[in-house]
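Report on one structure; see the data block that follows.
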Amino acid sequence: MKNTYGHSVSVTLFGESHGEYIGAVIDGLAPGVEINHDYIAHKLTLRRPAGKISTPRQEQDAYKIVSGVVNGRTTGTPVTILIPNENVKSGDYTAMQTVARPSHADYTADCKYHGYQDSRGGGHFSGRITAALVAAGAICQYTLEQKGIVIGTHVKRCGGVADRDFADLRADIEALNELTFAVLDDTAAEAMQAAIVAAAEEGDSVGGVLETAVIGLPAGVGEPWFDTMESLLSHMMFSIPAVKGIEFGSGFALADMRGSEDNDPFLLEDGVVATATNHSGGINGGITNGMPVIFRTAVKPTPTIFKPQQTVDFAGMSETVLQPMGRHDPAIVHRARVVQDAATALVLCDALALRYGTDWLK
Amino acid sequence: MKNTYGHSVSVTLFGESHGEYIGAVIDGLAPGVEINHDYIAHKLTLRRPAGKISTPRQEQDAYKIVSGVVNGRTTGTPVTILIPNENVKSGDYTAMQTVARPSHADYTADCKYHGYQDSRGGGHFSGRITAALVAAGAICQYTLEQKGIVIGTHVKRCGGVADRDFADLRADIEALNELTFAVLDDTAAEAMQAAIVAAAEEGDSVGGVLETAVIGLPAGVGEPWFDTMESLLSHMMFSIPAVKGIEFGSGFALADMRGSEDNDPFLLEDGVVATATNHSGGINGGITNGMPVIFRTAVKPTPTIFKPQQTVDFAGMSETVLQPMGRHDPAIVHRARVVQDAATALVLCDALALRYGTDWLK
Amino acid sequence: MKNTYGHSVSVTLFGESHGEYIGAVIDGLAPGVEINHDYIAHKLTLRRPAGKISTPRQEQDAYKIVSGVVNGRTTGTPVTILIPNENVKSGDYTAMQTVARPSHADYTADCKYHGYQDSRGGGHFSGRITAALVAAGAICQYTLEQKGIVIGTHVKRCGGVADRDFADLRADIEALNELTFAVLDDTAAEAMQAAIVAAAEEGDSVGGVLETAVIGLPAGVGEPWFDTMESLLSHMMFSIPAVKGIEFGSGFALADMRGSEDNDPFLLEDGVVATATNHSGGINGGITNGMPVIFRTAVKPTPTIFKPQQTVDFAGMSETVLQPMGRHDPAIVHRARVVQDAATALVLCDALALRYGTDWLK
Amino acid sequence: MKNTYGHSVSVTLFGESHGEYIGAVIDGLAPGVEINHDYIAHKLTLRRPAGKISTPRQEQDAYKIVSGVVNGRTTGTPVTILIPNENVKSGDYTAMQTVARPSHADYTADCKYHGYQDSRGGGHFSGRITAALVAAGAICQYTLEQKGIVIGTHVKRCGGVADRDFADLRADIEALNELTFAVLDDTAAEAMQAAIVAAAEEGDSVGGVLETAVIGLPAGVGEPWFDTMESLLSHMMFSIPAVKGIEFGSGFALADMRGSEDNDPFLLEDGVVATATNHSGGINGGITNGMPVIFRTAVKPTPTIFKPQQTVDFAGMSETVLQPMGRHDPAIVHRARVVQDAATALVLCDALALRYGTDWLK
């Protein structure tokens, strides 16, 4: 399967940056799930660029749901979301971009699609497509919240600045879900934004780290081999453009730990099995253990920068120098966090429906 | 799907640590693929424990192939590999282990399987099962080599010691594939082994980082969404017990880079598009770009240690202290590298067969 | 997976009879495939109701393609087709139909969707959805034709009248693909239409048998177990509303044959292996043998009839009598044949892409 | 996917007629499912050839389960069944059969596997493989029975003789499940066996029709598109060698009915929705309606007959005459009925686990 993820609850993504619509089809959602349009619109707003730290391209993201919803609730059949691309010029496509932007997908798209790819604005590879993923994921995320499963993501690191660690997870998540720039520590937030602006002023860009927490997941979800909970989440997260790494719990820091440091002692908390620490990120042997699921992704700097760069023209097979022009983000990590929440929600809805049946999320 | 990975070339894993057989079914391999038993046996030997840095449990791994191979070549139908568990006592299973070993899957297995899981020696969660994965992957890896696609993994970090970076990739990979302890720098190798022995003497364990390189992959393999090459590889790698993180190319280091540092300039090398640097790890937009695919995994310390640990008995729901006894590894990172090679080969065979058809690997 | 079919080339269907749009996403089509709008429109016209033998509901089927096509050719990324439902009243949905129409999906939809299903006009179960399947399949069918693979279907039986058998397959298929009422024998065509009109005048409906032939398929496509060519085709055909049976080659007639009658002798025809007869319908052991693939489906009479029928109101759990009113077809078999062609094309594109790679259909 | 069927509960088949083992891996079965060895052995006995109406090849089918079962119950992890091929000569394979047996898979296997296929005794295409399918399905079938879901199949037609229709379904199924030759009417049973013997004496073979009934299925299982209950069942049934047709409820007879005859009136029976007739075979709109699921398959005559037949040698590409020798069945329809039960059970376990969760069958 290609642009479809999931077995019981699945999402199919379509569209190009400069096409008529981008969108998503979500299938397998339980019937009777409430569609909260304020919630979806809020998530789309959080994803949209804003201010000096983002691209000036403005989209209303005036999504509409054209199937699968009646009287504000899912019917149980495919839910189709359309988001028009308003801020583009229509008209025939006349000149393909054949000068490969470094660390973009221009060249690899050509290797795969042999010159037929839509290269306008990144085409199907554009971060723009994540608006559809956010809308689809928002439906799932809201549904999970009704079952007490709550997801939140902060920018853990950006431009050399670190946010504080998660503390009171529930309170932190609630705070994050209201923030446009999702950083728990205000001083860190300001420093990160300053770093982004500084990079932008030099025609450059910065990357960062996103940290996601999920609370309220039941223990016993995931498979020992191949469909471990880490496998499912990582499979999805590496679909988010610019994500180049993921780690669960203490992740790469485990490499320098000893077992006696890493192991999470089990204990009883109000009669429920819990762990004293959570180096495992809520997952043992691929299966949730009832503790918060915690993971971090590495988001690379936006590859489009306004500096001359060495590259090739793959049509003529000649070397050349590229100096990009246009509308781009000096950082996307703060926008990608909404995508990461949405993507997480999609994975969890599928895993929970497989585990507990198609009506469980009703 | 659960214990099966892959769409065109797939692998199904089965077995338990103390069962009669562990094994794997590989389906969809091109017909006519040569089975090189020396190659498979060599990989199994590299995975097997040896010396003071490993568990004293010794298995011959006397695998046999009971279907899908005639006259030393694949028929094109399912190849079934059986590996007997010789070094176990047979007989009925009488007492389930209900005291959860911290950071093991004992408790989560119980949440999922409600007391019916085979808990002897870790059951289906045991690292023992990776012997079957290695045998299956070795067939794929050998096949890829015939097409010029070569995979190698070294222990990049262990016990606080770092190996040198990859230099001449082809030569490094060839060297690694002969080494029992896959470290490029001899001094680092000795220091790592000393660190493992030191941990073992304290009843403790260490983790590490594995770095894998793949050379010779064609450009244009992978999908823009959901089945990105990173998604496919990470999905598989998180099935390897103890892997808790993965990063491609410069990975988490990208978080602190600027775009101008991260971007890989394209150039022409002997008329072929290449990049001057490889921060992208050979993948742009989810699709291979023809450069080496590079990724690193974080391997946590073996959770079984010989120190008293706080935990719960999940049958009686009471807190208790556990001091494990038995046969265990103070480190598995050096053994896991063979598993990582094998797992990589399985992912690539599937992706290549989907891209170029079922006969491509013949 | 639910409303998605296929692994390499896949189709996702969405929409309801009275929703804003119905549509389909086709993913995995080779890049560079030509979109022939005349061809698609022609197929949609053939599916649309016409004259006294069909429902008076008229739809323009003014489809548009909103992603995945640039300059008239596929890009290789998802192709999304939207078809507006023009001939419906918009507005909130206020009263669900809880009186189950016999042999319709009203009651089973309620069992599955618990009252949240869209019951207007059959909702997602409506034959209307097949317009999207036809549009998607038409793209595939046209593509296959460029590779010499040609599909055609005739109404083999309807209202007690039988069409003649296929004779010169290529000529017959070419003729059928121009006919609105796809019957090879003109006298039979007239008799069938008379039978439909006669049933309609009594407020009743008739069923029929569709026979499909595919010529030009390469030998060696399909799998021995589970994904036999018969499995793949039947899986898809039973998605076409009203199909209740399928048979390949001589099908049920084989039950009364002896092996000596049934067996298809192999021979050489212009140096190519062929068979003297084709009782096998072009498939041996689940795999194409290079002969025409032939299958027939049983299409039940339209369940909506204008006669009083015994049924239940599943909301109040009471027995009642239903006399349907509205716009319905006295027969759908002649319209379903276009759907059967389209559905066949989708299955074949997927099977061929899995077998020969994603570029094969280019 | 190839030799694997199912998403939540899946089965993978492997082995060849003359290999060391045939077998199956069943994954995703609920933990705690009882393994009833008498039940499995009984099903294998029913499948095994016996008497003059079958091949003289005798196999003990001394299956063993080598993973996934502890203390007589499933653990929830993959269950692997091995069945040794005892009645074959081991040793290298020296001469491939290149003379294609008409209506066998010899030639198509060669088209797919390019000469590498195991052609001894039909290899992976052999009906022998169904022993593994029966063993796997028997576990599922027994489990379903514990939930009140009962499956039974009779030979509805064979050698020109028809069995009586199902009457009291539960009693009929119970009777059938004890019969070696599963025919409800004794006189018909004798006449069928006489017809088989008569064909055998002429070196010929006969086909037949199998009719399966499932009672006790909940209403609301199946999908409107692509994974209709008919799609799932037909996908599986066309994997059974020799099946060339399938019909649900009144099937092909519907082609000549009017809607007023075909429609199944709904009524209330002890407060439960039922239908007065069952032309729909228990499925409306792809979804179970709570009535018995009824389907029939067409089983072609055994293609191996002891008469000279025109064919080709595909190695030398020359025409030739083949007169088969060896051990073969003059009919397989009476043996295939056990396979059809088993195959049905596998499909239902998967569909129910997807619908109600992985623990539902516990």
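Order as written gives the chain letters A, B, C and D; numbering starts at 1 within each chain.
By definition in this document, a residue touches a chain if its C-beta (ideal position, glycine included) is under 8 Å from a C-beta of that chain, and two chains touch if they have at least 3 such contacts.
From a predicted model like this one, the values you see are computed outputs, not experimental measurements.
Novice: Hop distance check: subunit A to subunit C, minimum number of steps through touching chains?
Specialist: 1
Novice: More C-beta pairs touching across which pair, C-D or B-C?
Specialist: The greater number of contacts lies at C-D.
Novice: Could you pull out the chain whose C-alpha mean position is farthest off from that of subunit D?
Specialist: So the farthest one, by centre of C-alpha atoms, is A.
Novice: What's the distance between the Cα centroids of subunit B and subunit D, rounded to whole Å?
Specialist: A distance of 38 Å separates the two centres.
Novice: In whole angstrom, how far does the Cα centroid of subunit C sit from the Cα centroid of subunit D?
Specialist: So the centroids are 27 Å from each other.
Novice: Report the inter-centroid distance (CA atoms only) between subunit B and subunit C in whole Å.
Specialist: 45
Novice: Give me the residues of subunit C that touch two or more other chains.
Specialist: 1-4, 7, 13, 77, 112, 124, 224 - these are the residues of subunit C that touch more than one other chain.
Novice: What residues of subunit A sit close enough to touch subunit D in their complex?
Specialist: That would be residues 7-8, 77, 224, 354-358, 360 of subunit A.
Novice: Mind listing the subunit C positions that touch subunit D in their complex?
Specialist: 1-5, 7, 13, 100, 102-105, 107-109, 111-112, 124-125, 129, 157-158, 160, 199, 204-209, 218-228, 230-232, 234-236, 238-239, 241, 243-268, 271, 273, 275-276, 279-281, 283-290, 298-305, 307, 309-312, 314, 317-319
Novice: Could you list, by residue number, the parts of subunit B that touch subunit D in their complex?
Specialist: Checking each residue of subunit B against subunit D gives 1-4, 7, 10, 12-16, 19-23, 25, 27-28, 31-32, 64, 66-68, 70-71, 73-80, 82, 92-93, 112-118, 123-124, 359, 362.
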